[in-house]
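If you scroll down you'll find the structure; I have some questions about it.
Think of it as A, B and C in the order they're written, each chain with its own count starting at 1.
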Amino acid sequence: MNYTFDFSVLLGNFGPLFEGLQTTLLLALGANVLGLTFGFVVCLMAMASLWFLRLPAKLFIEFFRCTPVLIQVVWFFYCVPILFNVFFDPITMGILALGLNLIAFNAEAYRAGIQAVPKEHHDACVALGLGPWNKTVHVIFPQALRNAIPVLMTNGITILQQSALVAIVAVADLMYAGKMLATDTYRPLEVFTAVAVIYFLMSLPISQVVTFLERRQDASVER
Amino acid sequence: MNMSFEFLRVFSYWDVLLNGLGITLLFTIGAAIVGTLLGFVISLMRVAPSRFIKWPARLYVEFFRGTPMLIQLFWIFFCLPLILGQDIPPYVSVMLSMVLFMAAITSETFRGSLKSISGEQHDACVALGLNFRVKAINVIFPQALLRSIPPLMSNVVSLFKESALISSVGIADLMFVSSNISSSTGRPVEFLTAAAVIYFVVAFPATRLVDLIEKRFLIRFA
Amino acid sequence: MNTEENINEQKAENAIKHQGFLGSKPLVEFKGVTKRFGDTCVMDEMDLQMREDDRLVIIGPSGSGKSTLLRVLMGLEPIDKGEIHFDSKPYVSVDSKGRTQTDLATRSKVGMVFQHYTLFPHLSVLGNMTLSPVKVHGMGRSEAEDRAREYLGRLGMEDKLNSYPGKLSGGQKQRVAIARALMLEPKLMLFDEVTSALDPEMVAEIEKVMLDLAKQKMAMMIVTHDMYFAKKIATESVFIAGGKVVEKCDPEIMFNEPKEERTKDFLNKVLHLK
């Protein structure tokens, strides 16, 4: 190895990276807000007994879970303006594209959480004379949410990482800023390493929390 | 909407798209095989008694799971040649990055199934006087492997989807050819949609198959 | 019933032994065994003896350490103090550094059946039964398979030889688990609530298997909540609570006129619940 590192390029150019980081955080945050709220709505639709609610929701979920995020993002950026004749600023587009993906994955996480509530609890609610509303709101949802939280958080980190894809359609996020800086300074090694470390440091605390939660849930199941 | 779409034009590029799919599948399957083997080794390293083996493995997994695959790909594509002081052919660096991605997620899968084998099974091994070798080879591993099959297949589907990224460094996979055709013909709606549908047509049945195996087949043996 | 008679006969014989007419060797001896889980002391300097071809039933309140006692004897749990002798030879002891030493050759003379069967789901019935004899004890495969066939035959299950555990009923699984433990011809069998997870009809099925074993003079230590079965199979019974042996005597005495207040309380509670 005869490469000489020069991490000083980073110090001089921290501004663009920091701006990119802000965009990345905005994208991840926006997508998560969409995903957590509408994900729940889509989950309820997918579990509804009415076919005209259930079918579109299921199709939506399966389609977004079974195609690459990259093609979803590219499709959204190129085709939505043509098809619907609407134009948003790139960040809004990015949030929407990533949000749609996260809605599908979170809907699935909520569904799994609901189905993991033991059947006996449904029966117990009947035995206790709880109506459908009370049963759902006070017994099923709280437990389902508890089951789903680790997966929802993991999905949240995943979308933070997937947000790097918007760099390919020229949204100025952290990845994009890194790419630009690497080309401008001819220092890809330092810049890309720094960018990777920044992404890693953002997801590390959340993934630690997830590990902790999962361990706690495992322990409580054993009892 | 006053646009007209010519979805039929997709069919005149059918062979190009299929070629792209072929490249995508080639990289996916190759990386899946090598990555699974590497992932298995990593999962064993992570349960090793020595921390000099355990910690590097853990760091590797956490890092690859905690960063976007795009940056991993770029790093290997642009930076690794600088470190090695030697050119790396694009298909090699792309393959390497997919293998490392697959190995990281797969090692977690194996570790999960190793951990999921209940304490009672370990007790039964003691009660039957099984030694460590027999316990590992005949009792724990076969069960862990069986339980890993469905999540392993899901990992391959994930890898298949993530493989679209390799288009960004110029590998002519399905994503690459479809976006190329869409810009050269000026018809993104037709060709990007077609590509999405092709990805879906491959991935969706695969996910159904995973479910089927989980519900019908494994329930009997694991 | 033939079995019943036989058992009563044997009980009488054991009673005589008990009074020292026929000397019989001790099989298991706990000597001041202490076992703690963190702050809870589950076995507190416990002393307990069991003679050869005794069938010792262990009763006690939930959480009194019955399972722990069996697990310690199986070598599944380390102990904090004391020692256990098996067949008059040291078996489990604690060394100067506080580590538990278990004699592995002796351990293979003890077999155990668990509440939840713990069959290996990826192996057939035959695979489950022959694994240890073939892989660890160097028995020829065909010999092991013959023996497995014979044992399963005795339990009326030859036809399930190639089935997988997932396809068996609870009672069938537990029979296979018993047969699997017997394959190694242990000198002592431990049963920890082996009928607790079963439907009532299957309980009778498993109890019959255990009574048959009793007829063949197998030494057994049995933890059960079924006091009627306990009375039927036991040649000796012990009540444990608070980490100590509270009372150890003939089952006739234990279940009819126990001496200790705590035993009386416990038996009153469980027998009246029935």
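By definition in this document, a contact is a pair of C-beta atoms (placed from the backbone, for glycine too) under 8 Å apart; a residue touches a chain by one contact, two chains touch by 3 or more.
No experiment lies behind these values; they were computed from the predicted model shown.
**Student:** Considering only mean CA positions as chain centres, point out the chain farthest from chain C.
**Tutor:** If we average the C-alpha coordinates per chain, A ends up farthest from chain C.
**Student:** Point out which chain occupies the most central position, where each centre is the mean of Cα atoms.
**Tutor:** Minimum centroid-to-centroid distance belongs to B.
**Student:** Please compute the C-alpha centroid of chain A, do the same for chain B, then give the distance between them in whole Å.
**Tutor:** Measuring from centre to centre gives 19 Å for this pair.
**Student:** Based only on mean CA positions, could you tell me how far chain B sits from chain C in angstrom?
**Tutor:** Each chain reduced to its C-alpha mean, chain B and chain C end up 48 Å apart.
**Student:** Between chain A and chain C, what distance separates the C-alpha centroids? Give it in angstrom.
**Tutor:** So the centroids are 53 Å from each other.
**Student:** Applying the document's contact rule, which stretches of chain A touch chain B when the two form their complex?
**Tutor:** 1-3, 62-63, 65-72, 74-75, 78-79, 82-85, 157, 161-165, 167-168, 175, 178-179, 182, 188-189, 192-193, 195-196, 199-200, 203-204, 207
**Student:** Which bits of chain C are touching chain B when the two form their complex?
**Tutor:** 71, 74-76, 104, 107-108, 110-112, 114, 116, 118-123, 131-132, 135-137, 164, 166-167, 180-181, 184
**Student:** Spell out the residues on chain B that touch chain A in their complex, using ranges where they run on.
**Tutor:** Per the touch definition, chain B meets chain A at residues 1, 3, 62-63, 65-72, 74-75, 78-79, 82-85, 157, 161-165, 167-168, 175, 178-179, 182, 188-189, 192-193, 195-196, 199-200, 203-204, 207.
**Student:** List the residues on chain B that touch chain C in their complex, please.
**Tutor:** 120-121, 123-124, 126-131, 134, 138-139, 142-143, 146, 219-222
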